[in-house]
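Should a chain be cited, it is by its letter among A, B and C, assigned in written order, with residues numbered from 1 in that chain.
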Amino acid sequence: MKLSFPITAIVLEVSMIVLFGLFVKYETEQNTIQQLNVANSTRVDKSLELHPFFRDVHVMIFVGFGFLMTFLKKYGFSSVGINLLIAALGLQWGTFIQGILHHHGQTIYIGMKNMINADFSTATVLISFGAVLGKISPAQMLIMTIIEIAVFAGNEYVVGEIFQASDIGASMTIHAFGAYFGLAVAGVLYRPDLRRGHEKEESVYHSDLFAMIGTLFLWMFWPSFNSAIAETTEQQYMAIINTYFSLVACVLTAYAFSSFVGKRGKLDMVHIQNATLAGGVAVGTCADMEIHPYGAMIIGSVAGIVSVLGFKFLTPCLTDKLKIHDTCGVHNLHGLPGVVGGLASIVAIVLGASKASSVVKQAAALGSSLGTAIVGGLITGLILRFLVCGLSSTEFFFEDSVYWEVPKGREVDDE
Amino acid sequence: MKLSFPITAIVLEVSMIVLFGLFVKYETEQNTIQQLNVANSTRVDKSLELHPFFRDVHVMIFVGFGFLMTFLKKYGFSSVGINLLIAALGLQWGTFIQGILHHHGQTIYIGMKNMINADFSTATVLISFGAVLGKISPAQMLIMTIIEIAVFAGNEYVVGEIFQASDIGASMTIHAFGAYFGLAVAGVLYRPDLRRGHEKEESVYHSDLFAMIGTLFLWMFWPSFNSAIAETTEQQYMAIINTYFSLVACVLTAYAFSSFVGKRGKLDMVHIQNATLAGGVAVGTCADMEIHPYGAMIIGSVAGIVSVLGFKFLTPCLTDKLKIHDTCGVHNLHGLPGVVGGLASIVAIVLGASKASSVVKQAAALGSSLGTAIVGGLITGLILRFLVCGLSSTEFFFEDSVYWEVPKGREVDDE
Amino acid sequence: MKLSFPITAIVLEVSMIVLFGLFVKYETEQNTIQQLNVANSTRVDKSLELHPFFRDVHVMIFVGFGFLMTFLKKYGFSSVGINLLIAALGLQWGTFIQGILHHHGQTIYIGMKNMINADFSTATVLISFGAVLGKISPAQMLIMTIIEIAVFAGNEYVVGEIFQASDIGASMTIHAFGAYFGLAVAGVLYRPDLRRGHEKEESVYHSDLFAMIGTLFLWMFWPSFNSAIAETTEQQYMAIINTYFSLVACVLTAYAFSSFVGKRGKLDMVHIQNATLAGGVAVGTCADMEIHPYGAMIIGSVAGIVSVLGFKFLTPCLTDKLKIHDTCGVHNLHGLPGVVGGLASIVAIVLGASKASSVVKQAAALGSSLGTAIVGGLITGLILRFLVCGLSSTEFFFEDSVYWEVPKGREVDDE
């Protein structure tokens, strides 16, 4: 900590201001140049139509992801606080880097759609953050944000512009990508101590309730996430309906399987907080396709089951066998359901639910997202491990007081 | 627990998928058949206009009701978790059963309005859930959800289609209905132990703050609840304004009377969490009538007073005399204010605030809602008591650890 | 407490109902008189367009301000509860008093814009509430609400109608005004005991997390606050974008400087909860000007730094030297950034970012807001100190159990 963190933050913010000063203008200014004042006000109206979607996605990023991660008993300040920090950086950097890739000419003109896309790029980092939660420093997270968003934007460009694949709700490009990127980083940063379990890697009663705030805001606004950037109003409408029905079905199977695999049929809060959202992830790629409500419900049901089974059987195995420790179980909430989403889109296209893409394009998109994520994550992990100041010992893992002034009697110092 | 719960949940979800596969299509598909592509896009636009109202109601259902019930010190997981579960089931079942009643032909075409109405049907169950909170099992709640929504949809059909009564904010059909249905179930499931009070039926400091999250989201978005399905934009506008002014007035009288009836003038959190919302309930039926802002404020003021007095004097009496134990006091938040709402609409019609309905229609609607609720609730209570696996002893009441893995040292088992 | 509070509340509510009965009508009724039915429905549509902005501002008022103040370990009920109470009163009184000032003729016609403006007037009181939090009684707060909103509306009228200054996001008229008004009241109510620090003026771990709920909802919806009442869609769009970029930049500098000034580089929750919002305050006045995204980012960056430095160095100094005890540090979140906002608008006008106002008008607006706030606050403080029943001893400061029934074992009585 000491100086590495604040200096990194200041340097990054000053860089952002310089980049924005040089390259970024309001969307409306584009029209001023073109002398099209009629088009101008139409564009602004169009832009404001997206405002409600923007706000919903914004709530998911800050309250949804932020509180979802507060389940750890001594890491709530960092969960919600570093979430805010990296989202704020990511929104700036994502706006810029996506602008560079998607716009023509030297200037980036930004409007509501860019702000939504910046939120999306940030979501990717926050998913990866879940895999390394409690194990890396704020300075490391800032660097990871910069690298990951650049890699994400590159893959998104390849998937959308070159492969021309469909991924409206970004099951592949955000969820699977973010999860496998994070897992790759977590693999590189692995410490053998984590195998035995860590006494601070636990929840307390009220921290689990705080996490439910995150779960519910993610759950409620997921239809907006999957429909925000749909091209036509009709696709937007379909994406809302499909996501809604996938989510409700997912809740039922997640509860049922949590009870099935639990001791004496008991429910596990970890499953409820996470697996109930898997339906939103898995329906993402197909959300604007004509999969019918029952099709969405099948996807959601499968996602709920896969996610719970992942938490129960796969996560312990990942830590033991592959030496990848996944704090929030992002593999089960975003990784597997993201892959399910990609595969579902292939099935949907085979069954004729959409003509906008093809099986090959979708398979290429899934392959590209997973491949880029894993390679990008491994390289990022190595950079973070050897070039950026991290935590000296696992004793300081999952512990707010290393980075925060905490109310009396809770301090532990990484010195 | 063990197997009865997960098997019930799986059977219900599979049934829903089958029913939706057979009968439910997108609203847009209706037009494809009719070859009216112009009308099609208009319909979708109209549907998306309701999207912001849908989201507000959705937040009320999941965060509002969910957190409002977290006030119990050891029942927060169940409050927010079972709320999510039964809402997810209710949304599917409500969409189907309301579709069957309101649509013509064999196919149900669904859009945003159906999703809002499904949320409404779910609200009814969640109100009843408040009356039996902590005293029934998740499997019992699933069965109750199925029965209650069917009865609710029947009564709603009678009130709206046959009697043609006004009840835009559903004071009678949702609030009074849900409360008296729940009270009837609670009466049948009554256990004599509850009379002496239960050591776990208490809040702790932070559980009361969690509950305030629920209160505030309900309070803020109530204008959307009461206006979501108004026919015309003008009625929608009026319903928003009237609900707003009823709620603000209700807060003042609820605080004043909480202090009046409290020891040494102290405020009671139970009143603040609940009675401040009674204005939203009570203005529901009249919300789209020209009752003027001051009329709405009078209704809200009365509701706040009635609700606090109900908590103070009526709830203990219900338990002692009628052997009905009402955990959340839904009688005071939804029952009495719902009846006030029905009566207010009669007064409003007499005073000429609306010509859309008549005194007789409104009285019939109120009578039907109360009668159906009580009879339906009694029968449901008997079914739950004798046919579905419940809690063996009051020792396990108000206790999460019966159904949930809870952080160490808090387990109690119903074995 | 005892009777002074409930009687005050009842008298105020009855007065509101009488005032509304005499003077307030629906906006739509205005047209009925004018026989312009076409204009009527247009007006309602226009009114409903503002509905999403209204809801966002509403969330900021009730959840945002309410939870932001729950950081104190024993004052959460009062923070969120009295916040709700004074907001409910303020919304009624603000609607009335602003209506009197802005409308012509004897009747006040209200619509969505009036409701947003009433929320704004309430925000002013809630900011001042932060300065005196834990130190005054609910009855005192009711009286302060009535006086402050009247003074606020007067100053707002002078700034907007007479000086014709720009202040779209109300950096000067709400934030600086509310802060300095509250500080003046706090100065008059100062007690020497506060100098030594108060054992209850502390947070606990979970109370700090509750406060973050407030921070995040304020942060996310601030773009709506600054754009809600913009005249044209284009200004609204610009205000959203500028506020967004000011806020994200502010987060980075607030974190960096919190770490700079912290012991061993540690972050302070007080800074994160508050200083991350300073960017929203400071960009308010300029939000609808063409300051460009990088201009907004510079304003936000400066605000984040100023706010953290204010918490670290100025607040202790205010208490010690000026005998002004500022519980929530509103001087750092609203006072200083509000002044920064006014000054920024002067710079922006000099640099040609807007032609809607002039340097002189803006300077007059800033002077008027500060002057009116300080004089109004001093007079209000004297009235509260000598005419309204307050807390008898500092022993009862920052303590819920003086006014609330609290869960067992936490009572302290002011008798």
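Keep in mind that, in the parts below, a contact is a pair of C-beta atoms (placed from the backbone, for glycine too) under 8 Å apart; a residue touches a chain by one contact, two chains touch by 3 or more.
Fair warning: this is a prediction, and the values are worked out from it, not measured in the lab.
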item: Rotation angle superposing subunit B onto its copy subunit C by C-alpha atoms, nearest 5 degrees; value: 120
item: Homomeric contact subunit A-subunit C: same or different residue positions, threshold half; value: different
item: Cα-centroid distance, subunit A relative to subunit C, in whole angstrom; value: 33
item: Junction residues of subunit C, two or more chains touched; value: 52, 206, 213
item: Residues of subunit C touching subunit A in the complex; value: 52, 56, 73, 202-206, 208-209, 212-213, 216-217, 219-221, 224, 233-234, 236-238, 240-241, 244-245, 247-249, 251-253, 255-257, 259-260, 262-269, 272, 276, 290, 292-294, 297-298, 301
item: Residues of subunit A defined as touching subunit C within the complex; value: 1-3, 5-7, 9-10, 12-13, 16-18, 20-21, 24-26, 28, 40-41, 44-45, 47-48, 51-52, 55, 58-59, 62-63, 66-67, 70, 76-77, 80-81, 84-85, 88-89, 91-92, 110-112, 115, 138, 206, 210, 213, 403-408, 410, 413, 415
